[in-house]
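These are the structures, in structure tokens.
The following pair of complexes shares a single chain, subunit A, combined with subunit B in the former and subunit C in the latter.
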Partner chain A sequence: MPSPICLRSLSQLSLDRAANVSITSRTLLAPQTACFSTSAARYAAPPSKRKGMVAPPKRGERTLNVKKGRKAPSADTGKRPAPGDRKAMRKRIVLTNDNALEVSSLKDLDKATALSEKNEGQVRGLPEQVVDALRAVEAFKTTQGWSLFRRPATLMRKETIQLAKLLKEVEDPVDGQQKKTLRRVLSGDRMSGKSTLLLQGLAMAFLRDWVVINLPEAQDITNAHTDYAPLPSSQTQQYTQDTYTATLLSQILKANLKFLEATPVTTNPPLPLPLPAKPTLKHLAELGIANPEASWPVFVALWQELTQPGHPPIMLAIDGLSHIMRNSEYLSADVKPIHAHDLTLIRHFVDHLSGAKPLPNGGIVLAATSQSNAPTSPALDYCVQVAEAMQSHPDNIPHWNPYKNVDQRAMDVLKDLLVPGSGGAKGLDVIRVGGLSKQEARSIMEYYAESGMLRAKVDDGFVSEKWSLAGMGNIGELERVSVRLRI
Partner chain B sequence: MARGEFSRSLRAAIECLGTAPRPRREPTIRCAHRSFQPPTSRCISTTASRHAELIGETPEKFTAAPPIDFSKEDGKGKGGGKRLLRTLRVVPASPSYFSAKPTFTDDFINLSALLRKVATLPTIPASEAPKVAWKTIDQYRIMTNEPVKTQRYHKMLHILRRLNCIHPSLMPEEVVQAMQRYKKASQPGDFKPAPGVIDEWGRAKGVGRRKTSSAVAWLVEGEGEALINGKSLAQFFGRLHHRESAIWALKATQRLDKYNVFGLVSGGGPTGQAEALTLAVAKALLVHEPALKPALRRAGCVTRDPRKVERKKPGHVKARKMPTWVKR
Partner chain C sequence: MVFIFGINFNEASLVKRSLESFYGIGPKVSQRIMARFHIHPWAKVGTLKNTTVMDLTAELSNMKIENDLRREVQDNIRRLRDMGSYRGRRHAMGLPVRGQRTRTQITTARRLNKIERGGTGRIQM
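The block that comes next holds the complex of A and B.
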């Protein structure tokens, strides 16, 4: 009687070897020459024990370690993440959820209808290119709930329509002569959607083919995590941040690639490095990306180019305004703190926010405040409070508390907020991001329900209950209450 | 009453001595004397007097029979007095006088007789009968000064409850009088709090407390907005659970979108503040809609939770924790 090994070897001779994976793997282990011989298998070295496997304890040996200090037999076999992995995990932006349902009724924003008032109270999806561009300028935040839904979509709320009107005003000014520069500070409660409103503004600007420059997080600029160097030839000492500026240039390039590729350099900027022949703005930006030490002159030159007549309006945005209204974490040569306004990038932004430098082709300067990551900045707080009070109850304006330290430079930048008058006239104003109305809450909750993330009947009672629990329609709380804290 | 009756009957018996003079026996008198002794001596339990102190209830008034003046009655001389003593025999009015619990037995017999008399009157279900707080067994024991057994007292309460179920419009005066003896001094519903008012701005106020927090809430008709200490619900309470308990009274009665709340809370932590608000909002809601009281009670918004942090005691590490036991 043939042994079972022989029979198996015979079966391995079948022609369709590749059909069965397990068979192929076995044949790889046992070389084909040994088909009818069992000696190779018999004399083969015994399979080495797996690493990390611990032999079972001997009989009578104590396996329970209760004494302090004695190490367990295998202390920690878990694999540590590689350096940088944890941060990457923390900063990762997830924009899709394959388990969420596709919402069939969801319409995308497009160029024609992006600024339409008919969108008010509707949930609109963001088109693919806009999502890419927004990702490039780091407009999505990890704390936002994008990873809950199939694809990014936003609620066009009352404040969004207000912002859309501003974009429209910049694009076709009513008087017809001067292009307008509008400056807005977004304020509101915690989780009320300030950063999302900023993102919606950026998305609308992308759709309308504006040039978008976004400083994604003010904290990253001022917290002294990137290199800095004194800027030569500046009357008050200023500091450049070369690496950060180079990164910013690459973000600008990635987000506005179509425009930068198509536009040639018209001026002759004084650069430390030569440009290729027939340069476009893309070449200019790439020069700055490749040579961080030249990034600041390149940024200045790029800005010079962008503000040439005939170019599209500019959307200049920052998130976390209170970080730049105080001293930065950088120190000067004589170990004094550097004011954030002495950093060139911040100075550039702040000049436009204060109205010292207008945008010749028109544009919007947007600055979002934060409530959860905000160092104290009494000047900013006071200015925002006064501007909000002038909008809601002009007869009761708060007064400056004389026991607080005033940061005069921040106050000078924001002094337009203290000027009484309507928002259009004075240029700098506050957009108060409040709670949703019940209709808006209903429409976003219907979107949640259609995505399958909210399993409840969305009726008036349910909506008003969640609306109340969310603190009168605070959208972040509404999402927490209805989607995240589902039991 | 029974004892009063007894003393009365004793007096009556002495009165009738004049008409039918009988020789008087010392032991009877001694017996009567014994019954006039301070109440503690008659109690089985020695703690009864402390009960009396605690509850503050005085036993029924006990009038002693007047002493028998033999000199007045026996006009016929000493021999007549002796004869009188021999013929004197006090017959207690209560047949149960010589039992251990004469008053209770009398009460029980009286009530049973009363029930037999009024048994044919129409009744209402027990749930609809007027709410009565009957005396507790301890209060009854102090009142009668007798060692009444719990089970027997409950049997009597059974009769009383049955009597209470007689249709109120046909309730005989006699029964009302009889029941009066077994009722507590204060009955539920005696003290009615002043009804809340809705002021000229349409606000109703409610006050609530829990742990060390106290809350005042004003309720106006609106569409479900809530402001606590000038902040929105989400700003004031980080936890969803606390937000829900703060407006639980409105949520449980489906009134969340019909009223606006504004509250002032102080003291304690988030949980105490939220639950103090529950009570405050419920009370304010009851001013607007008093008929919601049963629904709110079912939702647990009416009763104040009396639990507080237990005090630390000397010799303990905490309220109850004892120091670790150490050998020697």
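The block that comes next holds the complex of A and C.
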């Protein structure tokens, strides 16, 4: 049994703390409790840990963390862009630069002079309504340098004049026969201006009041990013792309509004939906835009209307040809890849490119290849090489490499390229987009200088230097070395 | 919000991803199902037509997925254990089953090789 003195001294310890300073300083840290009672301490809130005090790591635990991805959640409070904002920013087309100077000597293309050969080697501006139409058909690309200058203008180079001659040939056939359908594949090095040449072709067609249908990017049609559905009543199974076709119809409508508004529907197309009374082609297109599930029948009906006699010639164009000369990313019901030619829109284009279907009112089918965004398509590459060789050195035609897989359907479409003979006779040919001549380079560099984007005296030496730097006048490189690159 | 096979999916989510959230559907199977109903790989659940959603649900209800599949797998493992086979014992111990070494690196086996393999699912078994 404990002695009573001991008990008393213990009780006094806590009661008069002030009397005993040395003990108090220690006990103050502990929660104040009555003697021999633990309940208060038990029910009290746990003492808050001091910040920054972390227990030492356990043995064997790794404390050095140098991996990049494992960081603690950093204070990333930045606002995320709304859905669609990033894509809109990526696809934004800027066609003006307020800081560039207005070029006083710049003349616009107009309807009368658009196809004139006098334009060769000159820089010509694009009129406003043509710019709007080109924007509607998405002919401008983000990679092109439109945002460097006050307003869109293009160099009418040798190949452009070649294309202008074709337009002229279609408009008034020489021997007064039926209207011609000319088919051209644009080929050339990377950044040599194939897409821009396509754009110039579209611009001239707009100026001459043609009907322009442009498939802006073949990749978008075949890379399985839009919905698809089997087309009923097609012998070999074909697939429609309703949303894409509806978008295309709206582009066609926006670009060719004047013609479509003025032209009444003459045939009686079988459509799943009724047309309003006294319909024009505009009503027809709007029907397809409003009801994407009916967009393919509407497109077929619209095409039939456009090919009625007496209507203007048609410009049918596509960019990125190699994407449609292979299997698409879509899958059929039995999980086999669908060939791009089984997509109705592509089939429509390819039928006209191969010459299986002519354009009754005449017209041009243009297909631009790409060098920077081009999946391998040995058939296309071979056909283009052969056609180029037949133009430049007909005694040395390349042979097919038997170790490559041939896509027979692509080969069949392009087989006209392999036929020896001039381009006019067989209808399908290649326009090789090469480097600029020095005169053309000088003319475009003078335009750069007048816009204030090139601060140098444009003389023969300077032009030759830049022309050589740009790999013998590759126009994309020329723009890069003279306008974009400032040392 | 769209119901596929009784589960609610956000309209902005991909069809592929939604299908693959079911136990027993991976990339290949989801690709096959989507190709069968002509749904493109980047389709969002919100863009599907009602009929397609019904078709998908019908297709999924004919397949052995989710709890049925879990049950089958677990039954297979249970059978091995009840026979007292080596594989069954290894499963019961949570150790590698197919003769791998156990000196190091058996975390995957510890995670997966158990009788209740596949968990209990969104809807309790």
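In this section, the second predicted complex is superposed on the first by the 413 of 487 C-alpha atoms of A that agree within 3 Å, B and C clash if a C-alpha of one lies under 4 Å from a C-alpha of the other, contacts with A are read in each partner's own complex, and residues count from 1 in each chain.
Just so it is clear, contacts are C-beta pairs under 8 Å (C-beta built on N, C-alpha and C of every residue); 3 or more make two chains touch, one makes a residue touch a chain.
Since the structure is predicted, the reported quantities are computational estimates derived from the model, not experimental observations.
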item: Fit or clash - subunit C, subunit B, common subunit A; value: fit
item: Partner chain in contact with A:Met472 - subunit B first, subunit C second, else both or neither; value: first
item: Partner chain(s) touched by A:Leu485 [first = subunit B, second = subunit C, both, neither]; value: first
item: First (subunit B), second (subunit C), both or neither touched by A:His225; value: second
item: Partner chain in contact with A:Gly461 - subunit B first, subunit C second, else both or neither; value: first
item: First, second, both or neither for A:Trp296, with subunit B first and subunit C second; value: neither
item: Which superposed partner A:Phe140 touches (first subunit B, second subunit C, both, neither); value: neither
item: First (subunit B), second (subunit C), both or neither touched by A:Tyr448; value: neither
item: Most subunit A residues touched (candidates subunit B, subunit C); value: B
item: Shortest CA-CA distance between subunit B and subunit C [superposed frame, angstrom]; value: 28
item: Touching both subunit B and subunit C, residues of subunit A; value: none
item: Interfacial residue positions of subunit C with respect to subunit A in the complex; value: 12, 31-32, 34-36, 38-43, 47
item: Contact footprint of subunit C on subunit A as seen in their complex; value: 83, 224-230, 239, 329-335
item: Of subunit B, residues touching subunit A in the complex; value: 223-226, 232-235, 240, 243-244, 247, 251, 254, 256-257
item: Of all residues in subunit A, those that touch subunit B in their complex; value: 189-191, 435, 438, 460-461, 464-465, 467-472, 474, 477, 480-481, 485
